[in-house]
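Data block below; observations after.
Chain IDs A, B, C, D and E follow the sequence of writing; residue 1 opens each chain.
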């Protein structure tokens, strides 16, 4: 559904502003200036959205986690602590920036800057509205996957250059994990691409709009894979092993101090926000919400869904312990990859049936949803039964000595009695 | 896109590509060399975009930057005792002559050949065309490519896998000492070392 | 032992030396987020696997055993607070028991009951800390710790209203306790005891039912019963291997024989069992406190003692079940006003005997979890 | 004047030559692999340039060819690096000068 | 309730199994000769009647003429306790190590070595534990203040202060057995 070029003050289609500007520039200037201007406007727009959002989200994350931890959270700077992120940023900027003497200077200085490149680029293909994305690429999904792969390299550079073992551990872990978890993420997106028949991010939203359904209902397993794979790529719990603070201090950014650390931190949050937005776009309908987008600015709908997903990420972080590297790996390769392949086949089959047999989507999609939820549930159940180690199913109560006391002999008696229970 | 923007893009990307490649020769550190290689790859991806081959540009970034470069970094880190420098052997001078010859020949051929009629416009929806030709016209090479990738995967795993006798030297000595359980044994059954505390 | 293994190869990471054939030595500590104090674990790694572990301690050494020889028996009580600053009451109690044994002092029944009350409250507080930090070491981002701190806070408040201090209480005295219970303590304790069982069930649901926590701690840092007894482990670490040994039952002091409680033991001596045993011990402590709260006898809370205590020549070894295990004080007197020798059998230190065996062969992450599950207090290790 | 096929071909030729030089002159096996990758990239660039300027566009045959080259390059790098690892494990070096023994 | 072992009866059986090991008997306490320490303690550990499998504590007391190494042995199954004492010379204190029998003795022997200066023969890893390697003397000895560092009682001065009371600066002190610190020698 293409809205007509609206008035510039109509918030439903911010694209109108940039269109006005480019048309105005095209009147007098060369067209390459116009394309550069649109690019700049798009980048500024993205920054204008994620910058303030980030500040609010830092506050939100601290506040929500504080509530989960039976604390109050920041409440001193500004009303209800809202200015706390600003104070943090100021503090970080004022701090001394140290570099280890043995660090590889250039490779050490570059990553905090470079890591912003994929973090900003990734927003380029996100549709904030029907025609509201910086670049509505024909291959937006592929772009997303390719760009998020670059992140790994920057993190590796950061981890390697510090000449710090914790950092190198973090770098090695992040590479191993990101490479592994890219596969489930790609598989989950591929299932969507197969099913909707488009590589464009906006195309997937439009498909959901045309069929009046969110893809989360049809592909729950893909959603789970995307969510969990993203936590692994974003280094958030339960997969934050690359900066596991109790093991390797801060992982790949151990030696970064001051605002350099602040940049890593900001990018981590920005990436989380971006992945939340992409999850909302792929699986929750993006800017579309059953016709509500006619009345409310579409980017507000997207932001609301993004906030919901961001809350899920905060929730995960506040509640879950961390998995070990080998456990994460085996979970990826033994569960996600096979299940992802199964769902790839399922998506392809269902798409073919839908097109070849000409079924009515209104009838077919609910059936598909039921089937896919069934397969996903069965997969999870089978994995939980077979792959989980038998030790994990031991009872979660200790043996009670019941008056026995003593050393090895009593221990043996207790064990015998306990095994008889 | 107009000429100016196009020229700007082409020349800067060419400089990036070739400069990155030259820096691989110059840089003394293997890890720096890989980083410059990545720069070169990204330049090539940009050149692909100027050739309106968007799909290939993304595949280039995905495969070369995201996978091959990372594999190389991994391999460098996993061969720690090997020399880290990126030195050149005595083949340098013949290779340099050969490089000059190849450049000369390439430039000569490029400039002197009549390439026939040039097509002006770019082709859209490349992903669709490439995808369809892959499963229609080129389905056999496609399948062979898939089999080859699988074979390479299996082969690489088989090559790089460590056998038990390849365990690091002092892991083996610790197993002998009884501190470590044997590779297939149960950790709880390992006999305790004589002084197991510190 | 460590000198026999080739741990000398510690190449700088960027220079070389990180791979399947190279040992990498990683220092966990003295400043590290997971060491619970200034404790240093030098782990030699093969990839992610720990192939050797050496601990380096003494950063917090204050030579209390020497200092105590210069102070009178009563003046030494504050030192015991600082030995294990997370279980000051237990340490006070153990030292006072040792001196009382040396002098043959009878403690009034009210003082005995108060001592048990505070020892058990201290156990609750210490186990809350131990379980919270253990979950932290497993990577739970502070949440369980802060929830446990919520309960610990109420206990510390009770300490404060009784003796004015929260951590280093200095509350027990030779022959009794320093102050009588304040009138507001028992209502506070009662409301605390009313809330706690529900909270414990909540923690059980949240933590023990958590697949990730189970996966992280099951079959990690295993030690069997024979090894544990041979290595003199004590407390929850020993009981997790299945040995039902608790000083409160085996060698009852201060009137513990009158209380009905049970010893929880584990099955396979892994980190999860240690965690489980501590969780269950919290419930048993609540049970003891519930029996105690209505039956605190009246009377004096401090025995009549000479102002300048000069125990007869001799020696005494008294021990209690501190939250970390068998905490013993060995006091030798030469008849003078100060101890001739003052020695503390520190469970935190001795429980570390098996650390190397438990961590070798696991991954680095396992080593952290194992260290967390032993529940060390560096003040007690170094003294 | 627009950028035409020739410019791309020249860039491709230079890139190929540099790759060739690296592949021939570097001591380190991983360095040699880098050279090979550069050469493959140069070929890809040339092919894409031909595709842009001369392909009929019906099946985009040259671009499909590039896809195959990229697949082969990925496989080649995986196997090549695995080989380097094996050599390293047995000989503690990846320097090609030192890998002159025909058995190990 | 933990019972105290009848040391007299135990000494008789120990004397039969390991003649000449017992030096003196007191209630709940055996004083052993250090030449027979290992054999005697092994007997006490393995004998099913005494079954002293748990080394509860190991420490030492400086008696000025000699050192008493005090070992508290415990049976978990029988729930009884025995104190074993061994004498060591004051000038050249050497005692056989119990680590081969009880791994629990490992850290405690290191601690005693560190603070008391008693060498445990056969200990696999006898290093200083709390104090740094160059620390002069052994602080828990009664004559510590008269030991090589020539430290005086009372509050010590800071390293930069000259005078007899200056603490040795870490790393500049002599190795144990080496030359004494020169009084007043500041870095």
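Structure notes:
Basically, contacts are C-beta pairs under 8 Å (C-beta built on N, C-alpha and C of every residue); 3 or more make two chains touch, one makes a residue touch a chain.
Quick caveat, the model's predicted, so the values are computed rather than measured.
Among all pairs of chains, B-D has the largest number of C-beta pairs in contact. Centroid analysis (C-alpha atoms only) places D farthest from subunit E. Distances between chain centres, each the mean of the C-alpha atoms, put D farthest from subunit C.
Rounded to whole angstrom units, the spacing between the C-alpha centres of subunit D and subunit E is 70.
With centres defined as mean CA coordinates, subunit B is found 27 Å away from subunit A.
Note on chain placement: the centre of subunit A and the centre of subunit D lie 34 Å apart, centres being C-alpha means. A separation of 8 Å divides the Cα centre of subunit B from that of subunit D. Multi-chain contact residues, meaning those touching two or more other chains, occur in subunit D at positions 89. Each of residues 55, 59, 67, 74, 77-79, 81, 162, 192, 194-198 in subunit B touches at least two other chains.
Among all residues of subunit E, those that touch two or more other chains are 53-54, 76, 79, 103, 106-107, 124-125.
Contacts from subunit E toward subunit A in the complex involve residues 51, 53-54, 75-79.
Remark: subunit D residues 1-22, 24-28, 30-31, 33-35, 37-38, 41, 44-45, 48-49, 51-55, 57-61, 63-64, 66-68, 70-79, 81-86, 88-89, 92-97 touch subunit B in the complex. Put simply, subunit A touches subunit C in their complex at residues 65, 68-71, 102-104, 160-169, 172, 237-238, 240-241, 244-249, 317-327, 388-389, 391-392, 394, 396-408, 410-411, 414-415, 418.
Contact residues on subunit A toward subunit E in their complex (touch as defined above): 405-410. Within the complex, the subunit C residues that touch subunit A are 12-15, 18, 24, 26, 32-34, 48, 135-143, 145-147, 150, 204, 208-216, 218-219, 225-226, 229, 241-246, 249-250, 262-268, 273, 276-277, 280, 363-366, 368, 372.
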